[in-house]
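Each chain gets a letter, A, B, C and D, in the order it is written, and its residues are counted from 1.
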Amino acid sequence: MNVIALKKTALISALVLGTSAPLVASANAPVVSSNITEAEVLAAQQAWGKALVQISRDFEAGGLNKARETANAVLDAAYGYNMGPVLFKPTLTVAPQTFRTTKEGALAYFVGGDKNYPNDSGFALKGWRAVDVKNTGIHLHGNTAISMGNVSITDKAGKVTTVDKTWGYVKDSTGNLRIVLHHSSLPYSPK
Amino acid sequence: MNVIALKKTALISALVLGTSAPLVASANAPVVSSNITEAEVLAAQQAWGKALVQISRDFEAGGLNKARETANAVLDAAYGYNMGPVLFKPTLTVAPQTFRTTKEGALAYFVGGDKNYPNDSGFALKGWRAVDVKNTGIHLHGNTAISMGNVSITDKAGKVTTVDKTWGYVKDSTGNLRIVLHHSSLPYSPK
Amino acid sequence: MNVIALKKTALISALVLGTSAPLVASANAPVVSSNITEAEVLAAQQAWGKALVQISRDFEAGGLNKARETANAVLDAAYGYNMGPVLFKPTLTVAPQTFRTTKEGALAYFVGGDKNYPNDSGFALKGWRAVDVKNTGIHLHGNTAISMGNVSITDKAGKVTTVDKTWGYVKDSTGNLRIVLHHSSLPYSPK
Amino acid sequence: MNVIALKKTALISALVLGTSAPLVASANAPVVSSNITEAEVLAAQQAWGKALVQISRDFEAGGLNKARETANAVLDAAYGYNMGPVLFKPTLTVAPQTFRTTKEGALAYFVGGDKNYPNDSGFALKGWRAVDVKNTGIHLHGNTAISMGNVSITDKAGKVTTVDKTWGYVKDSTGNLRIVLHHSSLPYSPK
């Protein structure tokens, strides 16, 4: 029963339309929902930030192999690569490898060390300590959701980097939100 | 803004992962949802019952033309015939006109008087006074929902008829729930 | 990649609006879809009919235990009891056990032999040989779908029973359609 | 009937399970779908490009008022501001007005001339002549869809600007796709 939100709500569905009609209260009925809630989106965002910091800490404590292991687990658990190509545009990628629709491409971006992605130095290895999400808006449509806003990440020197970020989620059958869209970009800087 | 549920919720999405990291609270973000809620399903059920009683009362007060006018308005407002064929199996129809996928067929069932539907005597004209819905369960999937349960309708003599009923809804762009599925049947009676 | 429909379609998304602008053809892009198709609904209906016949044959060849084993497997694979209460109103059930929202209730209906459901004699054990589905209409809404129509089942004596039937499906993350709604009723018979 | 995709498909849903069972073909059944198709996404993308060029041409032919009128009509027809805040991050906006969740903010971005948005010079006024969309991938989830890829826009001097772009759509009840998500960014440029 972990798949769905099951709720027993006291409800009055009796419909009384004549003056002498008795009031009849309906019994509670179970509700099954496949919809993503706002709380689930916020939790998924926090989990993403926590994972980014964890990869940084694991890199510092256990080296690249440990960091790669953690990043691999994060991609398996929190992204939708098992469902097909993920629409992932990381912050710092360049053409012709801007988009990372495969898990391999995403892993290379986060931890580097992949000769097929020579420009990747490992975004998640840069000493991140905290992530703050400021949502501009959230859309909930059935088992999908999208959010847009600013994400600020702080490194161990206290330096804060803020990006414009869009995430799109799909809830799978086990109730887990998976990122199927991730567009991150540095703020536009007029010359 | 009547289309969607817009909600400002105080939320803490700050993610604090180091002992010295400051707690940062995210500003409220608007949430747009196209999902049907349980409350909307219950309200749609009540509206259906209220409409059935209204047609009966209008028939008594204003005759068949008045009843037909009301039934016509109900079908326009509460059913999804504007979206295509509605999956409607009324309680008392017989083959080859069991299913009423067109508005004309539904109107004939509710108020009769249509020579193309010679077996229809006007289900909504039978002096209904109250409708009680007892849901067995409700499923919410994005802008669609389904409910199953018993519906008991009481006539002016106090006689109660109970049917097994399934409704399926789609929420349109104006936020209105429309019935796109309606399967009603008398309880099975073993011989 | 079995989860989703992945399609490479040649497409021209170049937009040429000036007379001298060159025609540019976009490369193929992969498409990920969680939507149920008409073909999937039809296949699920056929699978349901095939399963019903299989239970009958297994009962004849291997007795009640074999039939129950098969029915159990069918309920696990083709119904959504793992997602929560299923909205199941079988053809021949009576109050207060009309609705079978639990797997136990559904199993009792199909193969009987459950003292908690004393009126159940095992609907699937009655020598069924063929199932024919005549859809009146199908609705496709994302990863859900509903169908309504007549289902005619033929037993080994050649006797045909026709019911009015509604099915509702949800596609799970593995791409499998699961029945979350099933309302079946004998045709109305005017006295 | 313009709301939905209505399709009559020849289908064989007959289920033949015994060697002597007759083959029975089901009649065609109408199919109602609220799902967005790949073709609809591609058409919406082309319409966006065409609209951008039209605003440029209208500005050249009719001045700012004409351009604003066209841009206003485009926002009303192709964006989802009527459904609530749109998640719009244009290419060239800067904090604190990075996100344009209101129609006013979007209009200011496209045609400028709004004192409340002093940094906006009118992106759509810059002599655009052609728009080419190269999708990296498209996701279809019910009445929503998202696309990611490169969009290259050519001005009247032949200069091409390429951006990374994500669009999210919702199909409304009239069958019209509306942009509810639009994240556009210049390619990352390593120092």
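Methods note: a residue touches a chain if its C-beta (ideal position, glycine included) is under 8 Å from a C-beta of that chain, and two chains touch if they have at least 3 such contacts.
Predicted model only: the values in this text are computed from it and were never measured.
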Query: Would you say A-D or A-C is joined by more C-beta pairs in contact?
result: A-D
- request: Give, as an integer number of Å, the spacing between the C-alpha centres of chain C and chain A.
  value: 32
- line: Taking each chain's centre as the mean of its CA atoms, chain A sits from chain B at a distance in Å of 35
Query: Can you give the whole-Å distance between the Cα centres of chain A and chain D?
result: 23
Task: Give the residues of chain D that touch two or more other chains, as numbers and ranges in rising order.
output: 30, 32, 34, 85, 101, 136-137, 139, 141-143, 147, 149, 170, 180
- request: Please categorise the chain-chain contact pattern as a line, ring, star, complete graph or other.
  value: complete
Query: Mind pulling up the chain C residues that touch chain A in the complex?
result: 1, 3-4, 6, 30, 32, 34, 82-85, 101, 142-143, 170, 172-174, 180
- prompt: Hey, which residues of chain D end up touching chain A in the complex?
  reply: 85-87, 89, 91-95, 98-99, 101, 119, 136-137, 139, 141-144, 146-150, 164, 166, 168, 170, 180-181, 183, 185-190
Statement: Contacts from chain A onto chain B in the complex sit at residues 7, 9, 11, 13-18, 21, 24, 26-27, 29-35, 38, 42, 45-46, 49-50, 53, 129-143, 147, 149, 154
